[in-house]
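Take a look at the structures listed below.
Two complexes are shown next, each including subunit A; its partner changes from subunit B in the first to subunit C in the second.
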Partner chain A sequence: MNNIRAKTVFQNYLFVLPAVLLFSVFYIYPFYKVFTLSLCQWDGIARFDFAKNFIGMRNFIELFQDKIWWSAMLQAGYITLIALTFQNALALMLALACDRDIKGGNIYRVIFYLPPVLSEVVVGLVWRWIYDGNYGLLNHWLYQAGLSNLVTDWLSNPKTALTCVAIIHCWKGFGWGFIIFLAGLQTIPRQLYEAAKVDGASSWQLFKNITIPLMIPVFILVSILTVLGTMQVFVLILSMTGGGPGYHTEVPVTRILESMVGSSRFGYACSQGILFGAVLLAVSFIQIKLSKYMKQA
Partner chain B sequence: MKYKIERFFKDGLIHVFLIAASLTCLFPLFWMIGSSLKTQQTIFSDMSMFPKNPEWGNFYAAWTKGGFGMYFLNSLFYTVTVVFGIVIISSLAAFAFSRLKFPGKNVIFYMFLGAMMIPLPGSFVPLYVLMTKLHLINTRIGYILCMINVGLPFSIYLLKTFFDKMPVELEDAARIDGCSKLGIWRNMALPLARPAIAVIVIFNSLNVWNEYILATLIFSNKSLMPLQRGLMIFHGIHITDYSLLMAGMTITTLPIILVYLIMQRHIIKGITVGAIVA
Partner chain C sequence: MLSLFTVFLSIFLVSCGPQVQNKLQAESITVWHWMSDREGAFLELAKRYEAETGVKVNFELYAPSDAYAQKVRAAAQTNTLPDIFGILGEKRDFASFVKSDYIYDLTEEMNKENSAWRNKLFAKALSVNEFEQGNSFDVKPGIYGVPIDVTNIQMLYNKDLLRSAGVETENPPKTWEDLIEINKKLKTKGIQGIVSGWGERWLIDCIASNYAFNIMGKDKVLDTIRGNVSYTDPDWIKVFDLFREMRDEGMLASGIVTMVNKTAEQLFANNRAAFAFNGSWCVNVYKGMNPDLNYGAMLPPRVSDKYPMAIWGGAGSSFMVNKRSKNVQPAVDFLKWITNAPQQIFLSKETQDLPSNKYSLKDIPMVLSQFAGAMDNTTHPNVWGVSEFPVVIEAFDKGIQSIIIGEKTPEQLAGEVQQVKEREMAKKQ
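So, the complex of A and B:
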């Protein structure tokens, strides 16, 4: 009897074995490795010997004084701020517009989700061509419109590059927010609006007293996911500016990549990853706490 | 009457707003396709959306000389194998998490869930180290295994919630008929889970097709590279050859757009589910 049970349990393990095996090798092991490497100095080529390469917290101490790293952090924060405000406001307005029974609502929905399904490489390279200082369409249009004083080399100008990248990030992302907002809006029972209308509420009052309170969980969800997603943006940056001009569009993940590929400092790259991951966890934790507090208020 | 007129104008304004947003979404795509049909001489001067004499030869040149044919086949191969692997492995695991009993089940399941929630930026650094150690750098199998792993947590979660809703009576009936566990998975669970599998297939296909960073770190041999990597290489070498670049980008993008248009219902369902998971 016992034997049969052991056999079934063993059989059951076989079902999860491939998944667990892959996951252990390609997720858990790297996860553990990141922590050990972050305490070492290692170029990625020489034989790795923990005792020999161990340098304690020196990577982290250096990282805290790394000015480029912190400006990369700030720049990612800037893009995130624009995504949180501009992108999400646009997404919400479009969702509100589509939530009324409007003709062709489904077509709009299909079109708005088109940019999110494109690859960041393609999006970045198309916009790079449109923004191009010499032959780009944007400057061509500015000349045509008689606004030649606005013409600039958009992605090579330190003053405009970061904002240009941020706008394209929003362009790529707003359709995603739109879909989630729309799904949220559609769960609000219509009877609530009807009842309030009978009582003589204006559209603004409907929005303020029904839509907003019922949508708060959705707002929280979207804002947390926007922060997590936008802070970690980097392929778009690689394909649009490569971090330049200077370091003006560098973000944390491009710095990690640079430490690893550019200067072969694997240990430093791992310490950057850990610090950044911790910051992201802390930010989402604060957001969740804050939203709980707001819900009670 | 007054209400109707008001509603007409309001709807009109809303449509103007929606159409403007739609045009911004579509315009860069049209510009990309239009530019891919211009010649190397006209691309810098011809600012029309679609050129009068489209140069279809660009596509041929991009496919052969630009290497996009090779990249395309590579991308196709990776997408098909990875998605196939994800569906088999994740459905086996999800079936076990939902239906079978074994010690440590919940712990293992929460491990997968945790992987979806803990942000691990720069995980490509240790992954690269690991791949070098296992001699999987610059191999197709290395990339495929990595990408299967990337898709597992979400797919397992989605399928488990689906299997949880499956009636137990069906399973009991199958078991009485002498069906083995593997048989139940194959003949009952998989066919019933078709809607969830559709979402998994589409999401992971888009994800693999658009993946860039692991492909960059793993492949140094051009003949193994997928499209996204190929585009960046082409852009790096032929920085001014914009018409061929745009043709290559059109080759990269059209399959995605087609799949999206055919499957958009499943995709939109998937995003909503994905958000709820998070």
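So, the complex of A and C:
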């Protein structure tokens, strides 16, 4: 009997083994290496020698005192805030519109989902051209509309650069939220709406008392994905402003790249990566806890 | 009997193996590069080399340059570098490659036959690949790379735009005051002044160090890097103040602080700005964008007469030989061949780059000869023997962007850069 049980256990482990191996090779080992490097001073060129390069927690201590890093985190937070509110509100509104039986609904779905499938580099370059202070379309339209007082160098002006990037990030990303919200809306039984309508509920009451409570898990999923995706914004920044002017559009990933490529400080870049990952993990954890609390409430 | 024969045959083949392999490898060498604009010319040269020597040269293009630089680093870690490759980065990165034994020392080859190879190359281009005695990187003195072209970065002026503003184009501005006067004339005609890709920090670094050399001289600049002179020194503030002045005089093209050089090149090529700050590679770029562009090259207008105006220049692109390659000698032979006059003339004609062989300057376009004429004024951080901390360079360049957008004063920037410098020096001790 024991032999049979042992055999079953062995078989179970054997089936899980490939997944464990893959996970170890592609996740655990790289994470271990990154963590090891974060404790070292290494330029990425010389042969890596842990004993020789080890500097303890010095990279992390420096990182906690790095004002540029924390301002980059705040800037990514600002873009995330705009994405969480403006982008997701737009996505929800469009999903609500498309959830109704409207003429050409599928065409709208395709149109709204187009920006996310475009290459970020292409989007960044096209919008850089639109925002261009010299010959950009936006300034041209403003002139045409008689709003020449609003004309500016959108991406070189420290007051507008980050917001301009955030708006394009939202334009590029709202399609994801739209699709998920739409899928969520379509799982709500229509009978609930019909029954409420028979009871005389207004559109707002339908939305407040049926749609919102049943969509809470979807809101949480979308908000977690938005935070994780937006905090890691990078390609748009690189193709639109390169982090400038000054440090005004720097975000954590551009700082990691600068440490790694610009300064050949692989160890410091790894410590930035670890800290950034920890922050994202913490934010996601808080969001999940909050969602559980909201569900119970 | 048959089995005995098989054993002997196996032993024979195994013992012959490495030689056979070496011979095969010597018949083909691999070169990694990032120069997409030169790919066609390289492939043609590879064909010619194979026809002449029987050695096949595989040029492998990895672009863009950022991706290439990372690939080379990764290959170094896995010991899979090709026979010939280039290093993109600063001198300290180059030094790290040399110290880690990835790069073959070419000094002996350069000095053979009364330094025949060394003598045909521009000395300034070669010095970029050289480590001198007592260098601060602690690298064994020697020449570790071969320039395949030379470059320098100057100012370009649009003759038609200057003429339309009433400026005599035969005499482009020589002094800072001239430049300001011309800019005033340009402004009245609604013509933009200077355009350059100052969103790419290295171009800001370049023009700032040009003026630093002109205002305080090489020794003081290097003393600052060594930590003996503060960035709050009045001469440095004078350098930073030039950017404030350019901003106040409306001399800079709109959006210059986030502009990439490609955009700047488009603006200048399309007659949208009177001046550009760009490298000699622009001749080829402008030719592609606007073959009728009427322009010339000049040194940046000097601020002071005390020291000469220095411009960044030297080797444009260089190749290194992998010390661990089994094909060191064939790789060296190929580099000697590619830097010979016929190949250099071919490359120069195809790519409009300045050849690294000084006997190949025949039949180059007028603008390119203006660039060639300024080679004596060139300098480069890679030949200074000391290098600034990367974070100081970043604070310096980003700070200049902040001056241009009116966020910081020259004095504020000087203080901030010095603070970063002191922090880094304290870490080093």
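By our rule, the second predicted complex is superposed on the first by the 268 of 297 C-alpha atoms of A that agree within 3 Å, B and C clash if a C-alpha of one lies under 4 Å from a C-alpha of the other, contacts with A are read in each partner's own complex, and residues count from 1 in each chain.
As a working rule, a contact is a pair of C-beta atoms (placed from the backbone, for glycine too) under 8 Å apart; a residue touches a chain by one contact, two chains touch by 3 or more.
All figures in this text were calculated on a predicted structure; none of them were measured in a lab.
> Output check: A:Gly44 vs subunit B and subunit C. Expected answer is one of first, second, both, neither. What do you get?
In the superposed model, A:Gly44 contacts both subunit B and subunit C.
> Tell me which touches more residues of subunit A here: subunit C or subunit B.
Between subunit B and subunit C, the winner on subunit A residue contacts is B.
> Does subunit B (first) or subunit C (second) touch A:Ile180, or do both, or does neither?
A:Ile180 contacts subunit B only, not subunit C.
> Contact-wise, after the overlay, does A:Gly77 reach subunit B, subunit C, both or neither (first, second, both, neither)?
neither
> Contacts for A:Gly277 in the overlay, against subunit B (first) and subunit C (second): which applies, first, second, both or neither?
first
> First (subunit B), second (subunit C), both or neither: which does A:Val16 touch?
In the superposition, A:Val16 contacts subunit B only.
> Kindly list the residues of subunit A that each of subunit B and subunit C touches, one partner per complex.
44, 48, 134-135, 261
> Which stretch or stretches of subunit A touch subunit C in the complex?
Spelled out, the residues of subunit A in touch with subunit C are 43-48, 132-135, 153, 155-158, 161, 240-242, 244-247, 258, 261-265.
> Provide the residue numbers of subunit B that touch subunit A in the complex, in ascending order.
Those residues of subunit B that touch subunit A are 11, 14-15, 17-18, 21-22, 24-26, 28-29, 31-32, 35, 43-44, 47, 88-90, 92-93, 95-97, 100-103, 108, 111-112, 115, 118-130, 132, 145-146, 148-149, 152, 156, 181, 185, 206, 209-210, 212-213, 217, 228, 231-232, 235, 242, 245-246, 249, 252-253, 256-257, 260-261, 264, 267-268, 271-272, 275, 278.
> Spell out the residues on subunit A that touch subunit B in their complex, using ranges where they run on.
9, 11-13, 15-16, 18-20, 22-23, 25-31, 33-34, 37, 44, 48, 90, 93-94, 97-98, 100, 102-103, 108-115, 117-123, 125-127, 129-130, 134-135, 137, 140, 171, 175-176, 179-180, 183, 221-222, 224-225, 228, 232, 234-235, 238-239, 252-253, 256-257, 260-261, 266, 269-270, 272-273, 276-277, 280-281, 284
> Sort out for me which residues of subunit C touch subunit A in the complex.
66, 69-70, 73, 76-77, 89-90, 92-93, 96-97, 99-100, 102, 192, 199-200, 253-260, 267, 272, 390-391, 394, 398-399, 401-402, 404-405, 407
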